[in-house]
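Each in C-alpha cells, the structures are laid out below.
Look for chain A in each of the two complexes below; its partner is chain B in the first and chain C in the second.
The block that comes next holds the complex of A and B.
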C-alpha cells in the first residue's frame, strides 16, 4: 500500500465542471474521483495504490494526462487496486470527460 | 553388398515384441489390468516412446500405466512426444526411466521439468514446434512404441478418433510403417464404428480404459473475463491490420486478446462494412467465441487442429463451415491444420509474455520450460510459399521494398497489453529465454516468434507496422513507441517516434479514428458463456467449469 500526492502544471479546464465518480474497484481496476481544486493552473492528484514502488510510472502517466487534457483546477483522487497504466489512462480520460461534460 | 547383411532387423524386433505380448491379448484386445505387463513386454531399453498427448487430448490411462512399469525393465527411454503436461510424463523421468526427451510443450509441468534439466537428470534434445516434431517422426525420431488415445475401437482394431483426432494419424503412421508397436487406449469397444479414422492393420493392441481419455478445454475463453483494454486492442487490430491488409485467411492464438477480436467481428467489424472482406477462412480450433461471427455469416470455412469440449454438436450442425465426416462428426488433424496455418494463411496473431527490442518474442520465463506448441509454425513467414493473395503481396511490398522479384510475406502480429499482471512489463531489453537456455544448456534460447518474422505489434498504445521499418534503429523505436510506460517504452526517442507516427509506421488509436473511451464491453457480441450458448441456438454445451447459471 502506497499513498502520495502529485501536483502538475496544467492548462485550466474551461468548461463547467461537475464532480464525477468513474470506475469501480475490482480486480485490475480502479476508482477515480474528480473534484474542483484550488489552483486553476494546476492539477493535483492523490494516489492510493495497492502496488508499491511504481511512483515513476504514475508520474509519467499523469504527465501525459495533463498534456492531453486541460485538467487545471481539478483535484483527482485515485484509488488503485493494481490496475495497469492502460486502465489508469482510460479511466482518467473517462472521468475527465464526465467532469467536464465532454469538453476536451 | 554383403550376403550376410540383415535388412529386416526392425521387423524381427517387432516379431519378438509381439511374441512376448501374445499371451496378454485376445486378438488385439488387452484388458486394463494387463496393460502394465503389456508395456513391459513390448518396450525394450533405449526405445523411442511416444505417449500421445497435446494441449487437448491425452492418452492418460497409458501414461499412468507407464509409471507402474518396472524401472529395471522399462528404462533408458527417449520420449518423443508433443507434450509433457501430465504429472505422469514427468514422474516417469523422476523414476529414472527416461534418459532423453524431445517435445513441443510442457505447460503445467514446466517448472518441474526445468528443475530436472538444471539438476542434470534429463537431457533435452530440442523443444520443437508440433509440425517440426511430427516431421522428425518420419526422419530420425520415429517411435518404436506409440501409446495413443481413441474414442472407440471395433473388434478388428479399427479406431474412431472422432472430433479429437488431433495428432493420432501422424504418430500412428510413422510408428506402424517403421515396424513399431501401436497401443491404443479406447473409451469403448463396439461392433461398428461411426467411421474409421485409423485402420486396424496400423494398430497392434486396443485397451478399454477404465475412464474416458482426458480432453482439456484449452480454447474456451469466457467473454466475461475480457477487459476493456482487450476490446481496444481488438478494435485496433480490426481497423489497423485486418481491414488495412484485407486479411481473409488467418489463424488466431488462444488468448483473451484474440477472443475479443472474434467477438467484435459481428459488431464493430460489421459496422465498418468488413463482412465478407476479412476473416472468411480459418485454421482454428472450434473456439466458442467464434460462434457469433459464424452465425453472423462472417465465416466461410474452419479447419481444426483438434476439437473443443462442448462444441461437438454445434460443429456437427454447421457442416458448410467445418470439416465433417460422412458419420456427421468433425475430423480434426493437427499436422494438416499446422501446415494450413503455415502455408495457407496470410495472418497469424497471438499474444506473448515478452517482446525484446528487436521484436523477438517468447513465452519462456525463468524456471519454466514451457515450449511453443504450434505458434511458431503459424507465426513464421512461409518462405516456400508460391501462391499470391492481396494481403500477402501488400505485406511483401512493404517488407521487402522495391526488389526486382515480386514476393509476398506472411503477416505475423503480437498483441499485448504493455504490462501484464502484477505490473510485469511485456517489453524487455533481454528475454528471460536467454537465462533459461543458459541454465538448461540449450543450443537455442526458446524464442516463439523471431524478429525477422514479426510484422506488427499491437498494444493499447496503438499499432507498430514493423514491416514498414527501413532499419534496425527504426524498428527499435517503433517497438519502444508502442511499449507505453514500461522501461523500454520510457526509453524511446520521442522525436523519432513522432516521425514514425507521421509516416504511418506507428498509429495511435486516434490516428485510426478510434476513441479509446468507446472501447467498452458493450461491443462484445457475447459478454459471457451463456450468451455463447444462446448464439449457438443451444447447440454449444459448455463444460461445467464455464457454467455459472
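The block that comes next holds the complex of A and C.
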C-alpha cells in the first residue's frame, strides 16, 4: 500500500456541492469520496493505493482532472485496488458529477 | 418510476438500496465520510473501504418504515469483518428498540472475512443473536439474495434465520461454497467449475422448491422491491417456538427421505414431478412459480 496527499490549484467548484461516493474497492476498481474542503482555489486529493510506485501517474491523472473540472474547494479521498488511469479518470468524473447532485 | 430494468445481480449495494426504497427516503447510518474502516485490513496493508463493504440505514418501502443493510459483494466478496458485522448487528439491535415494519438484509457474501476471521466469526454470532432478538420483539427480518457472491458461510445461516428469503435464480444460498466443497472432498464430489451444476444445486430455484427461499423473483431490482412490498403486507414467520421448530425438523427429515442421495437439482425437479426437469433452469420465475404452485395444489 502507498499513501500520499496531493494539493492542486483548481478553479472554484462553486456552491451547492455535497459529498458523494463513487465506485467500489474491488480489483481494478476504486472508490472516490468527494467532500467539501477549506480552500476554494485548491483541490486536495488523498490517495491510498494497493499499487506501489505509481505516484507520477497519479499526479498526471489528477492534474488532468482539475484541468477538465472546476474542483476547487473539494477534498477527495481515494481507496484504490489497482485501477488503471482510465478507470481512475472515469470515477473522478462520476464522483464530481454526483457531488453536484447530477445537475451539472 | 423509470421503466429501465436494473439487474439486481449487476447492481452495487448502494444501487440496490436506491432501487428498493422509496425515492429520497434513505438515511445512512455511519456513512462513508465517517471512515469507519477495518483496522485489521489496514494492519495487513490491504485496501480498505470507507463503509467497510456494507451500507446500513433507515428508509421507507411503500410508505412503511424499514431498516436496511446492503452488503457490497465486490469488496472482499461481501465478507463479514469486525466493523462490517458491527454495523449489521447495530442495525438489528436498533430494530428491536425502534420496531420498524421490517428489517431488509440485502445479503451478498461469501461468509466471514479471512483477514479478520476471529472477529468476523464473533460478529456473525452477534448478528444471529441480534436478529433473533429483533424477531422476538415482533420485527420481521427479510433476506434478499440475488448478488454474485450469494449467501454462504455465516451469512447463509443468517439468511436461513430470516422470516422471508427473497431470491432470484442467480442468487445462491448454502453453507460451504462450491470451491470449498471441491477443495475438501474432491472434484468428484462437486465440480465447482461446472457453473450449470453449481446453480442447479445452490441457485434460487432449488432453494425455492425445497422451501428454503420463500419467494423467487427474476433478476430485476423492481421485482425484488415488489416482493419486499408484498412481504411487508403479509409474511411468513420463521419457526421460533418449540412446536414449530420440531415441525421444521420433521420436515427436514422427511425431505431427506423424499430426496435420498440426490446430487443434482435435476433429480429434485424429477422427483417433485415437474413436467420437463431439464428445462427448469431456463424458466422465467413466474412460470416456475406457477408450476410449483400447480404441484402443491395437486397433492
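In this section, the second predicted complex is superposed on the first by the 100 of 104 C-alpha atoms of A that agree within 3 Å, B and C clash if a C-alpha of one lies under 4 Å from a C-alpha of the other, contacts with A are read in each partner's own complex, and residues count from 1 in each chain.
Note that in this section a residue touches a chain if its C-beta (ideal position, glycine included) is under 8 Å from a C-beta of that chain, and two chains touch if they have at least 3 such contacts.
This one's a predicted model, so the numbers in the text were calculated from it and none came from an experiment.
Trainee: Considering only the touch criterion stated at the top, classify A:50 as touching first (chain B), second (chain C), both, or neither.
Mentor: second
Trainee: If we overlay the two complexes on their shared chain A, which of chain B and chain C does A:86 touch? Say first, second, both or neither.
Mentor: In the superposed model, A:86 contacts chain B only, not chain C.
Trainee: What is the contact status of A:35 with respect to chain B (first) and chain C (second): first, second, both, or neither?
Mentor: In the superposition, A:35 contacts chain C only.
Trainee: Scan A:97 for contacts with chain B and chain C and give back first, second, both or neither.
Mentor: In the superposition, A:97 contacts chain B only.
Trainee: Pick one for A:77: touches chain B only (first), chain C only (second), both, or neither.
Mentor: second
Trainee: Using the superposition on chain A as set up above, list the residues of chain A that contact both chain B and chain C.
Mentor: none
Trainee: Would you mind writing out the residues of chain A in touch with chain B in their complex?
Mentor: 28, 51, 54, 57, 60-61, 82, 84-87, 89-90, 93-94, 97
Trainee: Using the touch definition from the top, list the residues of chain B that touch chain A in their complex.
Mentor: Per the touch definition, chain B meets chain A at residues 227-229, 232, 417-419, 421-423, 459-461, 484-485, 490, 516-517, 519.
Trainee: Note which residues of chain A are touching chain C in the complex, please.
Mentor: Chain A residues touching chain C: 1, 19, 21, 24-26, 29, 31, 33, 35, 48-50, 77, 79-81.
Trainee: Which of the residues in chain C end up touching chain A in this complex?
Mentor: 12, 14, 32-33, 35, 45-51, 53, 72, 74-75
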